[in-house]
Every structure is written in structure tokens, then in C-alpha cells.
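In the two assemblies presented below, chain A is common to both, partnered first by chain B and then by chain C.
Entry: the complex of A and B
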């Protein structure tokens, strides 16, 4: 999955899958506390899926900086995995 | 880089010990909803734990394991030249728990005894030190004891740790090999103290001697950082250890990892392409017992042992410190593996 950078909508669908939330409910501006499954266990799933699906390993600062869906998109963009197209 | 091969030491036996008091996470957890317990158990994989309560220290568990081990392998007490106690749950800030155990086990006063203050990475470090002492000469028999009581330093209301930890001790007998020596073992040892706050008991040491908040005497864990550390460091140290030993992944019979959390371990197995059957899990019954989870899994991980050759084991400890270490060892068919329960005191 990591060979080609994903569009924003593909990343949103991926985030929905990670947190087992209907895709239509996931928007970039959503904060962490608006997603039930993004709790202390959900963050582990997120880190694991980033590694598994994108081969992206984050720094501790990057992990602490993940506060919204937009932050997830941004961190994947920084690692060359999100293209920014809709 | 701290890595080396050491020739000349062999394991004569490993015995693990846990408290008899068994705590069922589904039936006995208090203060958590059923859904919460199901979710935590589903991820961490810990169905039950053996817990020491206030009456049992890691030294008691190690003593029980050592008594059992010595009876099984028939070593005379005065033939033991060194005792290494690896623990971060000592009886006292001082003296060393190793000195207490030298006396309790009836070992000679000519025996070297000292503590090593490492947790999750402690078992490979303990084997490294024991093997190094034997290969250096002057020491022909060493006991490496490794015990922790993490359930005793968990805050019961802290969801990130309270359903995770169990208590365990272990004893490993190391001896100089016969003429011609034993095949060499490979060790890689690492540390990164910049992550010291990710797994810490902040109070009670000399940095914060008498904290008013009792919770500062309990362990605090940043689960996300520890997980992230694990998936970065464990695959790399395994690769480095294989390269050092000149072996490939398929040459290893079992990868025995510190039993941190089922989710972490399964992710590591998948990431490294290791079949789960070659990475035994004992978390379900015992929980995360800290570093002693490695010898506990050697004895309780249902290892298939061929009669005609040694098992080649990759042992990897990782966590508090942050510290991580590996030991690629050979466990001969004659080596004793045992396990016992220690009845909790009233």
C-alpha cells in the first residue's frame, strides 16, 4: 500500500477502517475525542496500522502531536504517503 | 556497539516460580465494566495473572525457583561461585537482594553476589554477565536469578497497567562447559535513557524520597511510546543478533520475547515474518511479569525439544529504561526446565 501516495479521501477511508467507524463520519477536522475508538488502545492500533500499511514508524513527538484526523493526514504526507489530492 | 559472542557457558536448568494466588481478569476485576475488561483482555491477551499480594517479594519467588532448581540438578550449595539477582523490585533499597539470597539459599560466603537493576531487558543482561564471568575463569557455576513483582507496583485504578501485570521469579543455572567448550552465544545490549519517563515509578527513590501522592509509588506507563519503541527496536536487534551469530531467521527454533502485550508481540511476529508457533505466548495465564517472563516462557511455553540436539533460542527483552537486549543461546537436551507455584503467605 505504500508504493503510491494516497489521496486525502483514501486516507480518510483508511482512518475509518482503523477506528472501525463508518467512512462518511470521518472528516479531517475531527478531534481525537470525537472518535470513540481513538482511545489509549486505539492509538496502538493506529501506530501498528501505520507501520503495517505504510511502513511508517513515527517519532515520539509525532505520536504526541496526533490530535485530529488532519494530524494523521499531515504526518502521512510528511512521510510521503499522502499526496494531498482530494 | 555493545555486542559480543561468548563461548564456554552452558545452561544446566531453568526453573520459574509464580505465586499460587490466581486472579481471573474477567471474574475478579473490580472497578471496570465488562466491556472495558473485554477490550483490554482482547488486546493485551491477559486472561489471568498470578499475584503475590503484600506478602511475597521477588526474592521469595526467586528463592523458591532456586531451591527447586538446585534439587533437580543436584548442585552442592558450596559449589556455586556467583549469584546474580536481576530485579527492579528489591526487598530493600539497600542491601542488595542478592546478598539476602546468598544467605537464604545457604550459599558459601566465598560466593560473589550482586544485583542488576534492569527490568524487561534483564534476562539477556543476566545471562550475558553470568556467561562472561564463567568464560573469564575463576567462576565455574553461577546462578542467575530474575524476579519481579510488577502487580505490586501497579495502581489498581490505572487502566493502562492494572489488568496487565503478574508476578514471577526464576532461577537459571550456568556452568562452565566441558573440554572443547560449548558453542558460543551471541549478545546485543542497548539502552536509550531519553525515554526514562515512558515507564517509571517516579516516587520513593532519592529523586523524590517521600512523595505525598501515593500514586507516585506506582508505575506509570506511556503505552503509545512503549509500543512505538518496541516495534522500532525489537526487529532491529533480532537482525543484528542473527548477523552477529552468522545465522538466519530459520535457524532459530524459538523466538522467546519478553511477554509485554499480545498486540505488540503479534505485530512483531507479523512484521518479522515469524510464525506465531515459533514465538510462544504465556501472557494468557501469567500476564506481563516483566523480564522474568522470558525464563517463564522457556519453562511454560510448551517448547518442543529434540532429544539429539540443543534448541537454538533467540531471547529478547525490551522495555523499562528504556533498555533492550538479546541473547542467542543454545539449550541442550539435558537442561532441566521446571516450574512451581509458591503458596502465598496468609
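Entry: the complex of A and C
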């Protein structure tokens, strides 16, 4: 687990890096189908990066529940990796 | 190697000759020799034959996949399939006839994906490395009776880890 929970803006930058998308284009309300790289391979990349960067091992239910950038932030918050600050 | 044998090998897409050591789902050491009979050396490059980086990556991927497949036996997870080359570096040329020592360490292995840190050496010098991501394809997609002959040979050899 990371020593310090990331801010929302840091998580958004991380999401942008995972999906190889310009950071300015990533917003919490964005749905999965609005991000081109969030396809079947993108899901695998997201799961792997969650594990490597945050030591968060998502359950099958958590994986199925990821439908927006906000969902990613929320699941990281539940695992103590996102602090909720801007 | 006889020309006939070289041609037989050239028609295969198998870049692991044998597994030297393996802990299923954890690590693998293997080796491969590109003997020079492969067709791609005619074009890559005339007068300067070297193994293409994509094939070095495939070679590392095949070795890592064998390590994962050994772990998956009997679990229904399916066969490991290279899904993403997350990074790759090529440091030295690999020439025909050189024995390439392959190493892969499995970083994470889950039901839906796995990641591996791989490298290869020739004569103790690192020639390439890669971070690879794998997904899994149910065995029902493959021809009935399909088996990984290199992995099976290792697992059936006396005194080897049976995982």
C-alpha cells in the first residue's frame, strides 16, 4: 500500500497514464466507453497497474463494478489509496 | 544441424528449445538457439544476420507463458497468451548459432491476467529485457490434443519439479 493516499488529481493523472490518454481529457464523470483505451486489454492493464502501483488486488465484483473514472477513484478510496482531496 | 532439420525448425513458431529450471507460476529458466536456418535471416539482414527484436520478445513471452501454463494445469484458467508488451529493450545483437538463455519472473498471477519480467542473455551478457502482460484463453479454443511439447518434456523428465 502506498504510504500516502493520493489526491483526486493525482489519481486522475494516474488513470490518464494507464489509458495513455492526455491528463486534461480525464474527468471523474467519464464513462468507460468514453475512453478509447478502456477496452478488454485496458481492463487488464488497469488491474495490473492497480496491483503494481497501489498493491490493490481487485476482486471479481470490484472489476465488474468499474464503469467510470469515478468508480476507479472510489475503489482506490475504499482500499485507502485515494484521499479524496482535490 | 542438418539442412532438413533446419528447414523443419524454420517452419515452427517455437522459440524455447528446452526448460532448464522452473517453479510453476514463479520463475523459469530456458534456452533457445536460432541456428541460422530460419528464413528471416535472409532479410534481417543480408550479410548481417541478427535475430529480430520481435522474435526475442516472442521468445521471452513463450518462456513466461510456459511458466504460467505449468501453474494453470488442472485449474481451468486456460493458456497464457501475450496480451501486451509493456516495455522492451534490446541491448545486444543476437546472431545465428548463439545460445540464448531466457529468464522470466512472474510478478503477478491472477485468474484473469499475469505479468512477467523477462530477460535473455548470451554468454552472460544481457541482450534484451521486457515487461509482458498475459491474458488467458480457455483450452477449448485450441485443437483437441494440443499440448506444449517443450513444457511436457520438462514436466515428464525425471527429477523435475512437477508443480
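Criterion: the second predicted complex is superposed on the first by the 85 of 86 C-alpha atoms of A that agree within 3 Å, B and C clash if a C-alpha of one lies under 4 Å from a C-alpha of the other, contacts with A are read in each partner's own complex, and residues count from 1 in each chain.
Note that a contact is a pair of C-beta atoms (placed from the backbone, for glycine too) under 8 Å apart; a residue touches a chain by one contact, two chains touch by 3 or more.
Keep in mind that this is a model prediction, so the values were computed, not measured.
Undergrad: Do chain B and chain C fit side by side on chain A in the superposed arrangement, or is it a clash?
TA: Once chain A is superposed (C-alpha atoms), there is a clash between chain B and chain C.
Undergrad: Pick one for A:44: touches chain B only (first), chain C only (second), both, or neither.
TA: both
Undergrad: Following superposition on the C-alpha atoms of chain A, which segment of chain B from the set 131-139, 203-211 or 221-229 overlaps chain C?
TA: Residues of chain B that run into chain C: 221-229.
Undergrad: Chain A residues touched by both chain B and chain C?
TA: 41, 44, 47-48, 51-52, 57, 60, 63
Undergrad: In the complex, go through chain B and note every residue touching chain A.
TA: By the definition above, chain B touches chain A via 39-40, 43, 159-160, 195, 198, 223-225, 227-228, 231-232, 263-264, 267, 270-271.
Undergrad: Which chain A residues qualify as touching chain C in the complex?
TA: 41, 44-45, 47-48, 51-52, 57, 60, 63
Undergrad: Once bound in the complex, which stretches of chain A touch chain B?
TA: Per the touch definition, chain A meets chain B at residues 40-41, 43-44, 47-48, 51-52, 57-58, 60, 63.
Undergrad: What residues of chain C sit close enough to touch chain A in their complex?
TA: Residue list for chain C touching chain A: 83-84, 107-108, 110-113, 115, 133, 135.
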